[in-house]
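There are structures below to look over.
What follows is chain A paired twice: with chain B in the first complex and chain C in the second.
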Partner chain A sequence: MSRTAAARRWRWQRLGLNVLAVLVAVAAWHVAALWKDNLLVFPTPGTSLSALRDVLSEGDQRHQLIITLRRVVVGFALGSALGVVIGSLIGSVRSVALTLEPVVHFLRSVTPVAWIVPATIWLGVGEGSLRFIVVYATVFPVTINTLAGLAQVPVNKVRMARTFGASRLRIYRSIIIPSAVPYIVTGMRLSLGYSFMSVVAAEMVAGRDGIGYLIYNSRIFFDTATMFAGILLLGAAGLVFDKIFSVAAHRGLARFYAGQVNT
Partner chain B sequence: MSTTTTRAGSRRVLATPARRAALRRAPVAVAGILVILLAWELVARAYGKPLLFPGPAETGSTLLDGLTGGDIPDAAIASIGRVLSGLAIGSLAGVLLGLLSGSSRVLEALFEPFINVFRFIPPLAWFAPALLWLGAGETSKVALIVYTSVFVVAVNTAAGVKAVPKNMVRMARTYGAGPVRVFFAVRLPASLPYVFSGVRIAMGNAFMTVVTAEMLGAESGLGVLITEGTANTDVRGVFAALIVLGALGLCADRLFVLLLRRFGGRFSARTLGGP
Partner chain C sequence: MTQPTTGSQPRSSDEGFVVIDGVSFSYPGSSQPILRDVSLTLRRGEFFVLLGPSGCGKTTIMNQVAGFERPTTGSITVDGRPVSGPGPDRAVIFQGDDSLLGWLNVRHNVEFGLRALRVPGAERTKRVQRALETVELAGQQGKFPHELSGGMKQRVQIARALVVDAPVLLMDEPFGALDAQTRTNLQDALAGLWEQSQRTVLFITHDISEALILGDRIGVMTSGPEARLQTVMDNPLPRPRHRGTAEFADLYQQVEDAVTAAKSRPPAAAGESR
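Now for the complex of A and B:
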């Protein structure tokens, strides 16, 4: 009884501490900006907020955010799907594993953004090559995690299914895939983060629109406030996407997590 | 996969079953890679423009030229230097931050809003402000790498400190260890595997940051080689740089795991066994 009361009180105290920390930081930022006294290079929280409002209210700039988010979603979806396919192939076919696994480990060590150059040469400057980068960044974490998931399938379950006369396909559908799902979800969550990182990098290097471009382009006008607005938007979008993904995954795929304490 | 568990125990034995299995598989793996190289060469030949889509032979000779007489070693050294210095500073700061927020829930409540917001902001987003504040030189690049690594390491360290088995702490207390002693003798060692896996992730991300930053403007570095290739529409140089990048990333990762197995000893055996 008193234990839950203490827990509840701590929850409020914790929230209070969170708010306190943020307030102190914002105040410190404000003082530092006033002391530095160069709003172009180091804006106050207030000017950054009004820049954020501008970015969100002007249709043209709001569109930049939508463009970036679309790239993230499309690239993430394609890359994850591809990762599951490649991972399953490597995980279940011996000869594919021996051929592709070293290649996968090599390719995943190459930084995604470095591919922007060949991508622009082959696919042209624009949407195709940017999406290629995001797909490239997302495919390998999902592949590696799918592999790990397939390797962790409880052998006894497979044996049991075989004993009961289940076909290979049936074993796949009812045992192997379901027990790999938590691993795949973990890989996808990692990939979601990578897709944000890579889309910003790609937009800065080779984009003509999107939030990454907006931030990088603002340097020409010494418009640090807009940069801050873009940075804040990216952070917020990343946080929201991560929360949506993890909640959706755990709700929608709850049955695959049965019997696991934490994931 | 299954070799990893046996490897630590039988490091010095020559012909373990795992090793024999690996030897048996080697020819198939080599053959597979040869098939892939051959397919690449054939596609490149069919494409017919070695400047735009070089095959493995063209790429290989460019790579050799670059490695022996060209600018690849210098570029690689410049990039590695940036990664190492940024990673060292960022990891130290991250460990400190993680230890603090992992061992006190008040500090955790104070830090968590920042850690939770900053770790979702892609490091490269800070490149433009960093240019304005720190100039276009080394400082801004190293600062970006510090940013890249600090939050990953902090989050992992905090998770590690919190995952320390309660019974270990209880036992140490029973034997009369004070809070400081418990921290240095129990909590810190037990959270080291988490710290290292954080640093390992940070290292991969640091490569991404440094290459992008170099592509956007630097004196030297692998990113510069890549942009030079674009300027000359010579993909051979770009491919050579990509191969160096992949090899570096792979070697750094392997080296990290190897060092841990060798020197991390009792801290790393189970948590960091991955392939």
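Now for the complex of A and C:
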């Protein structure tokens, strides 16, 4: 009884702290804007919110958000799938590991932003380049985490399967991959954040639409309020997507986390 | 790669069912062997306990018989066939619980070997049910490993090994991590279960009382490295065995003396053969 009451109280406290943090941040922003005293350069939360309202109320601009989110989702899905495949190959085939692993470690140190201009030269301004950049940003964290997941499979699980004469494929499918699921999910969660970051940069240079383009285009009119509106949208969308992903992953894949703390 | 080797005519003489012949083992690049010249013959249907201090290479012997590792020198045969890798004729019950698959429930964990061996579905269900009844887990088959106690988890491992009808069971300190009460219960349960099934068991432990409750014969190992098999003792206690009897206490003393002697044996003895 008292435990559930304590849990409920804790939940309210936590919510209270969350709200307080947001209020403090908004207040600090407001004070900073007043101190700068130039709405053109540094808009207040109020002017940014009204710009955000304008963006969301206008169908054409609202559509920019949809466009960006679609790029994130598609690029993230493709990049993650590719990351699992590459990570699995490196983790299980020695010749692939020897040839591909140095390349992966080389490429993952190069920020996706560096590829935007070459990508537009190869693939043109538009979806092709943007997708390439988002896939590039997501593939490596998933690859690296898949590799880490494959490396930590308890040896006794594999030995157990071998005593029953399980084939390599069966060991892979029913022991190694399931053991690696929590690692892969962590890699995907990182990647989801990276895909938000990279898509905006790519849209600024190689896009004709999307939130990145909206922000970049606002410079022409010195419309900092709309830039801030775009930033608020990106932050909110990133937060919501991260929450959706982690809740969905932990619910949907709960049994692969069984027995672990913090599920 | 894991199938038992076929071709050679199986010799099913009851004398040498599992034959460990002059096995030494050292890791590649290491000059100091973990095992030195261990020879041991298990009769069919025998419960053999390998007793020794921790770090003496008991698990290494088991890994060789299971086929996880290959002896550096010497050979191992099971029913006349040389061991060249793991195989379904030798089921293993591992020390900890990390061989259980946390994402599968009890029933599916037990079923794993049958699936790998491509046993048809209806028969799988029947055999899993029987195995779970044997280890008294029939009511827990929907549970996941993390929902089970340590003792129950080891029962799941035992069921998983029994269900494939492997003639040889290899048990590596299966009760080592359990509390005293649970350990005692499982020892008695295993003794009863073995009497029904009459499989050949190689059981590894450092617990003398456990060795006396379970083993037909007890092999005492020297301390590692360069561990050897010091002596093999018969265990004449009638089954079912009880821990409180005078004979039990007597034998306990004898085994303990043998263990102490094996421990204090100077490593120089190994140098004789150099």
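As a working rule, the second predicted complex is superposed on the first by the 225 of 263 C-alpha atoms of A that agree within 3 Å, B and C clash if a C-alpha of one lies under 4 Å from a C-alpha of the other, contacts with A are read in each partner's own complex, and residues count from 1 in each chain.
FYI, a contact is a pair of C-beta atoms (placed from the backbone, for glycine too) under 8 Å apart; a residue touches a chain by one contact, two chains touch by 3 or more.
Note that the structure is a prediction, hence the values are computed from the model and not measured.
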item: Superposition on chain A - do chain B and chain C clash or fit; value: fit
item: First, second, both or neither for A:G207, with chain B first and chain C second; value: neither
item: First (chain B), second (chain C), both or neither touched by A:P182; value: neither
item: Greater residue coverage of chain A in the superposed arrangement, chain B or chain C; value: B
item: Superposition-derived angle with apex at the Cα centre of chain A and sides reaching chain B and chain C, degrees in steps of 10; value: 80
item: First (chain B), second (chain C), both or neither touched by A:G230; value: first
item: Which of chain B and chain C A:P112 touches, first, second, both or neither; value: first
item: First, second, both or neither for A:A151, with chain B first and chain C second; value: first
item: Which superposed partner A:A161 touches (first chain B, second chain C, both, neither); value: second
item: Least C-alpha distance (whole Å) that remains between chain C and chain B when both complexes are overlaid; value: 7
item: Complex interface listing, chain A residues touching chain B; value: 10, 13-14, 17-18, 20-22, 25, 41-42, 95, 98-100, 102-103, 105-107, 109-118, 120-122, 148, 151, 193, 196-198, 200-201, 204-205, 211-212, 215-216, 218-219, 222, 224, 227-228, 230-231, 234-236, 238-239, 242
item: Complex interface listing, chain A residues touching chain C; value: 154, 156-157, 159-167, 170, 174-175, 178, 181, 255-256, 258-259
item: Chain A-facing residues of chain C, complex; value: 2-3, 66-68, 85-88, 90-92, 94, 96, 98-99, 101-104, 112-113, 115-117, 144-146, 160, 164
item: Complex interface listing, chain B residues touching chain A; value: 1, 25, 28-29, 31-33, 35-36, 52-53, 105-106, 109-114, 116-118, 120-129, 131-133, 204-205, 207-208, 211-212, 215-216, 222-223, 226-227, 229-230, 233, 235, 238-239, 241-242, 245-250, 253, 274
